[in-house]
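The following pair of complexes shares a single chain, subunit A, combined with subunit B in the former and subunit C in the latter.
Right, the complex of A and B next:
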C-alpha cells in the first residue's frame, strides 16, 4: 500500500516538474503561457468536436488548409495555397489595426469598445468621399487612409472629450456611438449609395481600393493587401512610440495611475483625449482596410464584428503590439479557415467562433496561471529539498 | 502542550537580491503582547506574512500550539486561529461594517427551509456582542466609506475576532492614527490581552512598546538582534539596537534666518465635493529660510491647503502668491516650474506611479524637459543616469536599482525617492505633508535633517504633520488649524506642546 503511494507521489512530482520545466522560466513566460493556453483551448474544442461525432484533428487540419497554411488536395483555376494565404493576410490586416486600437486605449487605462463604430465611420467617410470619385490611384489610396484616420480619430477624440469634460464613462458613450453611427450611416447608404441588387453600398472604384484584386502573376489571380505592410510597420511604430516617446510615457502614466499622473503635472484630460483619438485613428485605418480593402462596399445596419473580436485579440496578445501580430494571425486562421472546414469536415462554421471564444476564455487566465506556477515552484523546491534531506 | 503558542524556528526567506529574514527564531507565549521592532525593511512584515500564510519560508519551521504546521494560505492561518490587521486595510468601501465582517464566512439561513439567504440580522447581533465585549464601539450598519480610519481599524479587529482568532497580528497599527486614537487602540489591545488573546505587534514606535508590550524582538537588516524584556530596558537602548548606532531624539538645528516672503496665502477658502467649507479664510506667509508648520488633528483642512497651493484642488476664494506672483490660476505643472515641490500625504496614490520603474518615478516631474526629452523622444540613458545619481545621493535602497518596480520597494525607500525627487527640483517652496508617516526612527531622523538642510539653504518650507513632536522639533513658526480655520500663528519658541494641543482641539485662549 505504502509503495503504491510513493509511486503515485513520484508520478505527481514528475508531472509537476515537467510542467514547471515547460512554463516555469519567467523570462519566456510571455510566450510559453499563451501557447500553452491556446493548446488548452484546442484540447477543449477537440472534445466538443468529438461530441459532435467528427474528427477534431481533421477539422483543425481543414482550418489550416482553408487559411492557406496547409495545401488543399485540389484548387480551382488560378488558385493555390499562395492565393489562400494572401486572402488570409487581407483579412488579417484590418484585424491588426483594430486590435492595436484596443491595445493603445488599454495602455492609457481606457476601454475602447467603440472600435466597430469608429471603423464604420472611417470606412464610410472614405467610401463616399474618395471611393466613388474618379481620382487616380496614387492620390486616392493615401487619401482613403487619411480620411479613415481622421474619421476614427475624431470619433475616438469625442469619446475622450466626453470622459474628460463630463466624466461620462467611455464604455457607455462608445456603445451609444456604435448605435448612432450604425443607424445614421445605414440611412445614408440606403438613401444614396445603395446597390439595388446586392442591398449593400455600391462597389467603390478600384483606384481607391487598398487591396489589389485579381493580380495575375505566376499563372495565379491574387489579392494583394497593400495595408498589410503598413500594419507591420505601424505595429513596430506604435510599440516604439509607447516605449520611447514623451506622449507615450504620459499615456502609460495616466493609464497606470491617473491621480499620480495629475500630481506629476500631466494634463490627464488632454492625455485621455489623445489616447482615445490615437485609438480611434487605428480603428479608422482598420475601417479603411476593411471596407475599402478586404471588402469594397459597406453592408448597411451591420457593425463589423471584427471591432469586438479585436478586444480578444488584443488581450491574447498581452496588449503588446508584437503579441498582437501573432494573435491576429492565429485568430484570422480560425476565422478564415472555417468555411473550408465546414464544407470538407462537415463541422459547422460556428465551431470556429467557439474556438475563438475558448481562446479568449483561457487567455483571460494568464495572470492566474503565472501566479499558480510561481507558488507551485516554491512549494516544489521546498518538497524536493525535504526529500533530499530524508 | 508546549509553553509557547507560536514558535518560528530558524526561518529564512529570500527575495531576489535580498535576504528578508535570515535564520530568525522567535517564541511567543500565550497571552502575552509580543512586539517586533525594527526599521523599515528590517523584515518584520515578511516574518509575520509567513505566519499568516502569505509567503512560505524558504527554510525553517513554524510550530503552533506545539504542533508543526505548514501554513500555505491565509485561509489555513485563519483555521489555526491566527488573524492579522494589515497596515493597509482590506475592506469593501461601499459595504456596511457588518457585511465586511462576515464577508467570506456569511452565516446562511433558509426561508421555509428552502431558500437560502445571508442571516445579516443574526450576524449584526453577534458583532454587536463582540464589540461590547472588547470595548470596540462600532455601528454595524454604517458603510465603510462613511467612517474614519480609526473606526475602520476597529472593523478589521472585529473581523479577526469574528473569525475566532486567538493570535492577533497588528502590522503598524498606529501609523495612520492621531494621538487620541492611538491611546484608544492601545487600550483595546490591552483589553484583548485580558481576554486571553496573544498579540503580536509590528511597530517601530518605541513609546507604544514601552507602554503595552511584555517582550520585544528587535530585527535589523533581516536578522534577529535581540529579544528583550520591555520592563527592564530603556527606550534609548531599544532605539540604538534597532538602528545599530546612537540615535538622537532631538534634531540639531541652528537658529532660523528669515529672508523674503516666498509663499503668501491670502484669505483662502476651499469647498469640498459636497460644497462644504473645509478651509475658511486662511492667511499666512512663509519666508525663505523658515519652516512653517501647520499643526492640527487629521481632517481639519490642512491637506486641502497643501493641495490648493500645489494646484490639485480648486480654490474657492482667495489667492496664493509665490515670490510675489499670483499663481492661483496656474496649472499644476506651471506651479512646479515656478518653484513648488510637493511631498504629498498619500505617497502611493499621488507621489508615485507604482507600476513604473524607480528611474521613471525619479524623473516623473522632469521627464518632459531637456535633456530627458529631446524632440518628443525620451532619452533613457539620461533618465537612468539621473536615477542612479539620486539613488546614490539619497541612499534609496531597492533590490534591482533603477529598474526596480516601485511597488516592490519598502515604504521608507518609496518616501526617500519622492523626497529626493522633490528636493532635486530646487524649488523655492517645499511642501511636506506627513513626511515621516509610517517611517522608522532612522528614516525620520534622516528626513527631518534633510528638511532643516533645505531650510538652511534658504528654501521656504511648509510642513503639515499630525505628529506634534515632529512639529515642535523642527518648526520655526507654527500655525494651528482647527475646523478649517487658523487658530493661532506664533513663533515655535513662544508655544509649548500643551498650548499647541489646546489650540488643535479648538480651545481658544
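Right, the complex of A and C next:
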C-alpha cells in the first residue's frame, strides 16, 4: 500500500520536474511561456476541429500554406510561395505598428482599445488629403505617413487628456470614440467618396500607396510593402526610446506606479497624455499602412479588427517590441492563412479569430503562470530536499 | 410622442438590467468591462437553445420566449465564470480580462453561429431567427394622456426586467448578502475580519452580473432585430458601464442615466424621420448615444466616487 503511494508521488514529482525543466528557467521564460500558451491554444482549437470531424493537423498545414510559409500544390500564373509570403508581410506591417501602439500604452499603464478608431481616422485623413491628390510619389508617400501619425496622435492625445483632466477611464472613452469615428466617417465616405460599384471609398492614386503592387520580377507579380522595413526600424527605435530616454523612463515609471512617479517629481498627467499620443501615433501609422498600403480604399461602417487582434499580439509578445515582431508574425499567419484553409480543409474561416481569441485568453494568465512556476519550484526543491534526507 | 416613449423604454430597460449587473460586480470590487461579451454570449446561448429546440421538437418558436430569457441568463452566467476565474483566481488585470472576454465572446459566437447554421440547417447565415416577440397593451392605464404610452406595446421582457430590477435592488440594499457585497468593494479587510471569504462573494457578484447581462442581451436581440447576429455587439455593454458611472454605482440614479440614453436614441431616430433626412444621415444619428456618453462623462466623472477597492484583487497579507 505504502509502495503504491510512493510510486504515485514519484510520478507526480517526475511530471512537475519535467514541466519545471521546460518552463522553469527564468532567463528563457520570455520565450518558453508564449510558446507554451500558443501550443495550448492550438490544442484547444484542435479539439474544436476534431469535434467538427476534420483533421486539425491538415487544417494547420493548410493555414501555413495559405500564408506562404509552406508551398501549395499549385499556383496561379505569376504567383508562387514568394508572392504569398510578401502578401503576408504586407498584412503584417500594419499589425506590427498596431501592436506597438497597444504595447506603448500598456507600458505607461494605459489600455488603448481605441487603436481601431485611431487607425481609421489616420487612414481616412491620409486618404482624403493625399490619396486623391495628384502629388508625385516622393512627396505623397511621406505625407501619407505624417498625416496618419498626426491623426492618430491627436485622437490618442484627446483620450489621454480626458483621462488626466476629467478622470474618464480611457477604455470607455476610447470605445465611444471608436463608434463615433466609425459612423461619422461612414457618413462622409457615403456622401462624398463612395464608389457605387464596390460600396467602398474610391481607390487612391497609386503614387500615394505605401505598397508597390504587381511589381514584375523573376516572372512573378509581387506586392512590396515599403512600410515593412520601417516597422522593423521603428520596433528597434521604440525599444531604445523606452529603455534609454528620459521620457521613456517616465512613461514606464508612471505605468509601474503612478503614486511613486508623482513623488519622484514626474508630471503624471502630462506623461499620460504623451503616452496616449505616442500610442495613437503608432496606431495612425498602422492605419496609413493598412488603408493606403495593404488596401487602397476604406470600407465604410467597419472598424478594422486588426486593432483588437493587436491586443493579442502585444500581450503574447510580453509588450516587448522584439517579442511583438515574433508574435505578430504568428498571428498574421493565422489570420492570413485562414481563407485558404477554409477553402481546402472546409473548416470555417472564423476559426482564425477563435484561435486568436484563445491565445489572448491564455496570454492574460501569463503573470499567474510565472507566479505559479516560481512557487511550485520552491515547493519542489523543498520536497526533493526532504526526500534526500529520508 | 408615443413612439418616443415606447422605443425609449424598450432600449433603456435592457440597458438598465445590464448596468445593475455591472453595479453588482463593480461594487464587489471587480471591474467588469466584460458586460459587452457576456450579453452577446448570453443572447447567443439563449437563441441557439430555442432555435435547436424548435427545430428538433417542432415547437413554434414564439412559445419558447420565456425559456429563451432564462437560458440567456444561464449562458451569460457560464461565460462570466471565465471573467471570475481570470480576474479572481488567476489575478489577471481586470481591465484586460474584460476586454479579452469581449473579443473571445465575439469570435466564438460568430464562429459557432455560422458553423451550426451550416451543419444543422444547411444554410449560409450568421443569424439565428428567434421570431418576433408578442407585444401587449395594458387596457386602462394606457389611456392616461402622455404617460399612458409607458403601458402601450410592451414587450414581455420589459415586465421581466422590471421585476428582476426590483428584486436586485432589494437584495443589493436590504439583505446581508448585499451588505457584504458592497463592503467587499470598499473595505474587503472588514469582510474578511467578519469571517466571510471575499473571493467567494466576488465570484457570486460576477456570476450575477453575467446572468443579468445575458437577460439584457437577449432582450436587445428581440427588440432591435428578430434574430441573434453579430450585430448584437454594438457597444451597448459599454454604454451600460457608462450609465453606471453617471449613476455613481447606485441603482436608482443609474436608472435615470439609462432612461436618458434610451430617449436620446429614440429621439434621434424620431428627429431623423421628422426632418425627412436621407438615409445616409442615420449614420450621424447612430452616434448620438455615444456623443452623449462622452459629454456626460466629462461633466460627471470628476465628482463621482468609485468603490475604493475597485480593480484591486484582495490580498490578505496586504494592509
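Everything below uses one rule, namely that the second predicted complex is superposed on the first by the 383 of 390 C-alpha atoms of A that agree within 3 Å, B and C clash if a C-alpha of one lies under 4 Å from a C-alpha of the other, contacts with A are read in each partner's own complex, and residues count from 1 in each chain.
In the analysis below, a contact is a pair of C-beta atoms (placed from the backbone, for glycine too) under 8 Å apart; a residue touches a chain by one contact, two chains touch by 3 or more.
Remember, predicted model here, so these are calculated numbers, not experimental data.
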Check subunit A with both subunit B and subunit C modelled on it and let me know: fit or clash.
clash
Applying the touch criterion given at the start, work out whether A:264 contacts subunit B, subunit C, both or neither, answering first, second, both or neither.
first
Tell me which partner A:308 touches in the superposition: subunit B (first), subunit C (second), both or neither.
second
Kindly classify A:162 by the partners it touches after superposition: subunit B alone (first), subunit C alone (second), both, or neither?
second
Using the superposition on chain A described above, determine whether A:187 touches subunit B (first), subunit C (second), both, or neither.
second
In this superposition, which partner touches a larger number of subunit A residues, subunit B or subunit C?
C
Counting only touches as set out at the top, which of subunit B and subunit C does A:378 meet: first, second, both, neither?
first
First (subunit B), second (subunit C), both or neither: which does A:367 touch?
second
Look at A:14 in the shared chain and tell me whether it touches subunit B only, subunit C only, both, or neither; answer first, second, both or neither.
neither
After the overlay on chain A, which stretch of subunit C ends up in the same space as subunit B: 19-27, 91-99, 127-135 or 181-189?
181-189
Check: subunit A residues flagged as touching subunit B and also subunit C none
Complex interface listing, subunit A residues touching subunit B
244-247, 249, 252-253, 256-257, 259-267, 378-379, 382
Residues of subunit C defined as touching subunit A within the complex:
33, 82, 86, 90-93, 95-97, 99-101, 103-104, 106-108, 110-111, 114-115, 118-119, 235, 238, 241-242, 245, 280-281, 283-284, 286-287, 290-291, 293-294, 297-298, 301-302
Residue ranges of subunit B in contact with subunit A within the complex:
56, 58, 72, 310, 312, 331-333, 336, 342, 344, 349-356, 360, 364-365, 367-368, 373, 376-378, 380
Listed in rising order, subunit A residues that touch subunit C in their complex are 52, 111, 113, 162, 166-169, 171-173, 175-180, 183-184, 186-187, 190-191, 301, 308, 311-312, 315, 348, 350-351, 353-354, 356-358, 360-361, 363-365, 367-368, 371
